[in-house]
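Structures given as structure tokens follow.
Both of the next two complexes hold subunit A, though its partner changes from subunit B to subunit C.
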Partner chain A sequence: MRTHSRSTAWFLASPWVIAFALFGLYPFLFSLGASFTDYTPLAPSSTRFVGLANYTRALNDPAFWSALRNTALFVIGTIPFTTAAALALAIAVQPAFRGRTLFRVGFFLPSVVSIVVLSLVFKGLYANHGGLNGLLSALHLPTPAWLQNPRTALPAIMAMDVWSASGYYMIIFLAGLEGIPRDLYDAARLDGADGWARFTHITLPLLRPTLLFVLVVNSIRSLQIFAEVFVMTRGGPLGSTTTVVYHLYEQAFSRFQLGQASAVAYLLFVLSLGLAWVQMKAVGAQEQSRS
Partner chain B sequence: MKQVLGLALAALLVGSCAPQKKPQEVVFWQFWPLDVIQPLVTAFEAENPGIRVRVEQLTWDGGKDKITAAVAAGAPPDLCELGSTYMPRFLQSGALSDWSAGVADLRAGLRGWEQCMVGDAIYGLPWVLGTRALFYNKTLFAKAGLDSSRGPETWAELQNAAARIQKLRGNVHGYGVSLNDKQKLFKKFMPYAWGNGGEILSAGLDSARFDSPENVAALEFYLGLRAVGTLGMQDALDQEFKEGRLGLQISGAWLFKQIPKEAPGLRYGVALVPRPAVDRGTHASFAGGEVLVSFQTSKRKEDALKLARFLVRPDNALALAMAAQSVQPATVAADTAAYYRERPMQQVLIQQFTTARFTPNHPAWDEMEQAIEAEVEQALYDKKSAAEAVRDANARIALLLGKK
Partner chain C sequence: MSDSREQELAPPPPPWAMSIRRWLWLIPLLLATLLPFAWMVALSISPNAGNSMAKALQGPWDLSQYQTLFRSAGVGRYLLNSLGVAVVVVILNVVTAAMVGYVLGRKRIPGERFWTLGIVATLMVPKQTLMIPLYLVLARLHLLDTYAALILPFAVDAFGIFLVRQYVTQLPIELEEAARVDGATDWQIFREVALPLLKPVLAVVAIQAFLTNWNSFLFPLIFVDSDRLRTLPVGLALLSQTEHSVDWGFLMAGSTVASLPVVAVFVAFQRQILSGLLAGAEK
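Let's turn to the complex of A and B:
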């Protein structure tokens, strides 16, 4: 009976296991191997083992550090705002009120639209004579060349990212909020706690696991920022929007240096793991100190 | 009667049982919309009943990745369209099929062979070409008191025309200076450098020649156009031109298709890229194109070559150019075709080829182009002088030559 149930379990899981092995595990291991070679897809037969050369070259490449700096700026400049906006939206649309579903759908909608489509729309909005400058001009305010100025190009992409991602994380926060017992709020009200006190002493502490999830997932996603850059700026102006994944893409598909690009990808992977570990430690430590 | 019917039935049965030759399938990856390419493919199939063509459309954003992955996986298409900028890498890789013997008879009738040759060996067929020329707004010319019947012919005339249009009111700009646009900025700046006698590499492609007074002067001229124009990426500048807010810009044949649809009322003209002076330099421009290739590991190389030879025939290349409206046939003297004689603006683009330059077929060309664009961009943002940018681009090119 036990053998039967085990084989049934494997049978039921096999579609996912096969898909993961083919499209997840195999590319993951292949690129790990490629990162120690000079593999180029146009001449795979001439591949040679180069040891750690790709890693040392990447770490000595100023373009990699510049891309890493831009990526770090993007992560730092988006995650707090996305998280705060998502939480605020979740709190705003949690109570029952007329039209609540409409607001929830409206805020979530950008998450289901293709990022390429969103990027094209925002590229038009940020154009010299685009919608944003049209509005600023009507208000007699300066009209910057958003995507052509090295100072404003990355913040412009960040703003789009915060706008488009907040709705998705709002749904996750909503699920977390629904899990908080109503009794706690009622008891706090009886004790005379105001809205801010209820938020800081009930909502925020009990949302900590959700917050951790949102932080980790959003950090990993932000570290991999690519499509927006590809569509809107192609890494310019003056390399101000060249992120690590865009840098990696250029190496892989413009220069065909897939070995080198794989090394960059694994450096980013290690960085993502490190950041997730720090976040889990930080939030986990707070959790422990509370208990 | 029964006998006749019996014979007819027997003939029918024999006919239906006889082994029918199954058409060979040729896989053709290309970038054109199916409504543009399909009539040509259908005509080829009618001419070659034993061959069936399976056409797949690639996109310019992801096409190169797909082709690269297919080559790496050992499953490339039989025939493939490659952009000229892809060619140096593919030529270097040894992945392309050698067509030298199969296309030798076509040498005299086509131009653009530079894109697909290594030494004397030929690895592709030039199909259609593309170049850049000067587009100017006739209405703005007239408003600025300029002769709108012709475009500027020299740098001084261009500068003057842009300055006068820039002074017009109503959010109008003189010249469109290209910014931070990968693989586009190069095509907007280098026409001036080439026209002024500047070079990138030596004839043997073994040493850098970018650091020259000619290239510095060309970059200084290009930087000077910022004061009498606006800066933007190509699609933004094209949009401003179509909306009638831009006096002059270097652009390409795709505008011939876009303008009638998006700005049918626009009065505009096309001229050769201005030369430095009446008695000096040339009307140089960038030349690129689409090349048809087969791969070493393609299954049906012979049929692929047959299809390629069909597609580059003058009438077929012209049919594609007419349908696409964004390229010109690689056929020598294509501008004498009735279609172009009736369209003088498009004829200018074909005439532009006589002084246009193909990019060097060096394996590290992509990186060299990026180096030039990065340094020109530094100068455009006033991070470097023209001389510094040209010098640093030269150093980067020399480094790339040393690497390869």
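Let's turn to the complex of A and C:
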């Protein structure tokens, strides 16, 4: 069956080959090169090699470290809640019961709506006389200026993220739960294992690959938080919500420091890969110690 | 949880009792999930409410804020841009995912492993790290601030290709081999034998591409500068920031308009969307 020409095969593959070269590999290598020069699109002919200057400047920029710190807080502060909520929802909507589809669809709904829309809605909810403070004042609770206070602005955005992302990861966990054989639970039940024991001895160990997938995908996504910050706070107040990607955007497109911004982009890239690697190792090690 | 023996001996609980027990704690959670959307729609039809839910509940209600949106704010143009770009990107995504995914799935190409690895790597790398280089490439090609900038970099999508590839590897190859024995060319086999079999997965690719592209924000924000080329999410985000005093009802009307197409697509195709996600999650 290998007698025919390969030209059709190459024709069929050509969109990916072209797109990968033009919009993937080429920009990736071009900007890797640019990150070692003082390249600016305004005067490309006067480009000089500057070595690691962009990286050292980026690493010595307090704004970069502040953005990194905010992003780390975001990741650490959202992922445990999103993961726990998503898993709990998945377990709740897995077995057959009346209205199951309605709940699945409803919990997933925030995931299909534009983040710009979600951010506008939450900006209104968090506003000084907005929905949330209206509710709080009716209950005679304090009504902070959520997005104007450097202490509450980032947590407010994080809370929205947990709200909007849980339904998405619920569906991923559902896929994992469907893969666990039912008779394992029946056998455990016969052996007298209660609900919690079944969860810790069957569900969690067998769900480990899914858990790993959710952790990696969600942390990489969280490193990229941008639209929320752009719409709700523009990085403020006092830089308290400036994430790495927002910092990158400001540096590249407000201040046109493209060389330094490219350096930041590569640091983000390395960080994402590192995070994925660490999590795979961590879950892999746990798996080995259990088996 | 109750004692296992009891559960074993007792008949399984009737669906209604079990369902109602679940509703007791799932309904409040569902309401909490949907409340922000209810707030959005309520404010959009309450011209005098500002951002107060209490006032929005008192009325009066009308569609005047939607009229302002389309008559004076130019949101109609943003809506058409979003629709046009999304339709073209979806078509290109489906066509290219079918072509490339098929070839990779059938391992018809030298270095198939290398190309597949490239796709998986592309899926892992955060797209934002490419925002500056992509911007520079588009500047070199003189494509910045054109519709092409909103379309070309997103015409071929790694996720769609990956979905089709996984699907093809599970399709029996016998039909294609029979067609070959009958003297069909490679191209005929792809068009007339394989393509019809790919319809279910291509539907998933189309829906995913539509949702992703409709909601895309960062790239349209930086690749396009002219007001006449703006897509709806970018237009809305910028409208919310140029207002001197924020007009919540107006912004919520815009948000509702931006949500309707995706919510409609989601409700109509929720089975395919959720199954597409599940297929992606199984790697």
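What we mean here is this: the second predicted complex is superposed on the first by the 277 of 291 C-alpha atoms of A that agree within 3 Å, B and C clash if a C-alpha of one lies under 4 Å from a C-alpha of the other, contacts with A are read in each partner's own complex, and residues count from 1 in each chain.
In this section, a contact is a pair of C-beta atoms (placed from the backbone, for glycine too) under 8 Å apart; a residue touches a chain by one contact, two chains touch by 3 or more.
Predicted model only: the values in this text are computed from it and were never measured.
After alignment on the shared subunit A, the placement of subunit B and subunit C results in a clash. In the overlay built on the shared chain, the residue A:Leu238 is in contact with subunit B alone; subunit C does not reach it.
In the superposition on chain A, A:Ser254 contacts subunit B only, with no contact to subunit C.
In the superposition on chain A, contact is made by A:Leu190 with subunit C only, not with subunit B. Look at A:Pro80: by the touch rule set out above, it reaches neither subunit B nor subunit C. In the overlay built on the shared chain, the residue A:Phe213 is in contact with subunit C alone; subunit B does not reach it.
Of the two partner chains placed by the overlay, neither subunit B nor subunit C lies in contact with A:Pro205. Partner contacting the larger number of subunit A residues, of subunit B and subunit C: C. In the superposed model, A:Gly274 lies in contact with neither subunit B nor subunit C. Of the two partner chains placed around the shared chain by superposition, subunit C is the only one that A:Thr8 touches, whereas subunit B remains out of contact. In the superposed model, A:Ala127 lies in contact with both subunit B and subunit C.
In the superposition on chain A, the residues of subunit A touched by subunit B in one structure and by subunit C in the other are 41, 127, 129, 230, 234, 253. Interface of subunit B with subunit A (complex): residues 61, 64-65, 68-69, 71-72, 89-90, 92-95, 171, 179-182, 230-233, 236, 239-240, 243, 245, 366-367, 370, 374, 377-378, 381, 383. Per the touch definition, subunit C reaches subunit A in the complex via residues 1, 4-5, 7-8, 15-16, 18-19, 22-23, 25-26, 29-30, 32-34, 36-37, 39-40, 43, 50-54, 95-96, 99-100, 102-104, 108-110, 115, 118-119, 122, 124-137, 139, 152-153, 155-156, 161, 177, 180, 185-187, 190, 211, 214-215, 217-218, 221-222, 232-234, 236-237, 240-241, 246, 248, 251-252, 254-255, 258-259, 262-263, 265-267, 270, 273-274, 277-278, 281-283. Subunit A contributes residues 1, 4-6, 8-20, 22-24, 26-28, 30-31, 34, 41, 89, 92-93, 96-99, 101-110, 112-125, 127, 129-131, 134, 163, 167-168, 171-172, 174-176, 178-179, 189-190, 192-196, 210, 213, 220, 223-224, 226-227, 230-231, 234, 245, 248-249, 252-253, 258, 261-262, 265-266, 268-269, 272-273, 276 to its touches with subunit C in the complex. In the complex of the two chains, the subunit A residues touching subunit B come out as 40-44, 127-129, 145, 147-148, 150, 230, 233-239, 253-256.
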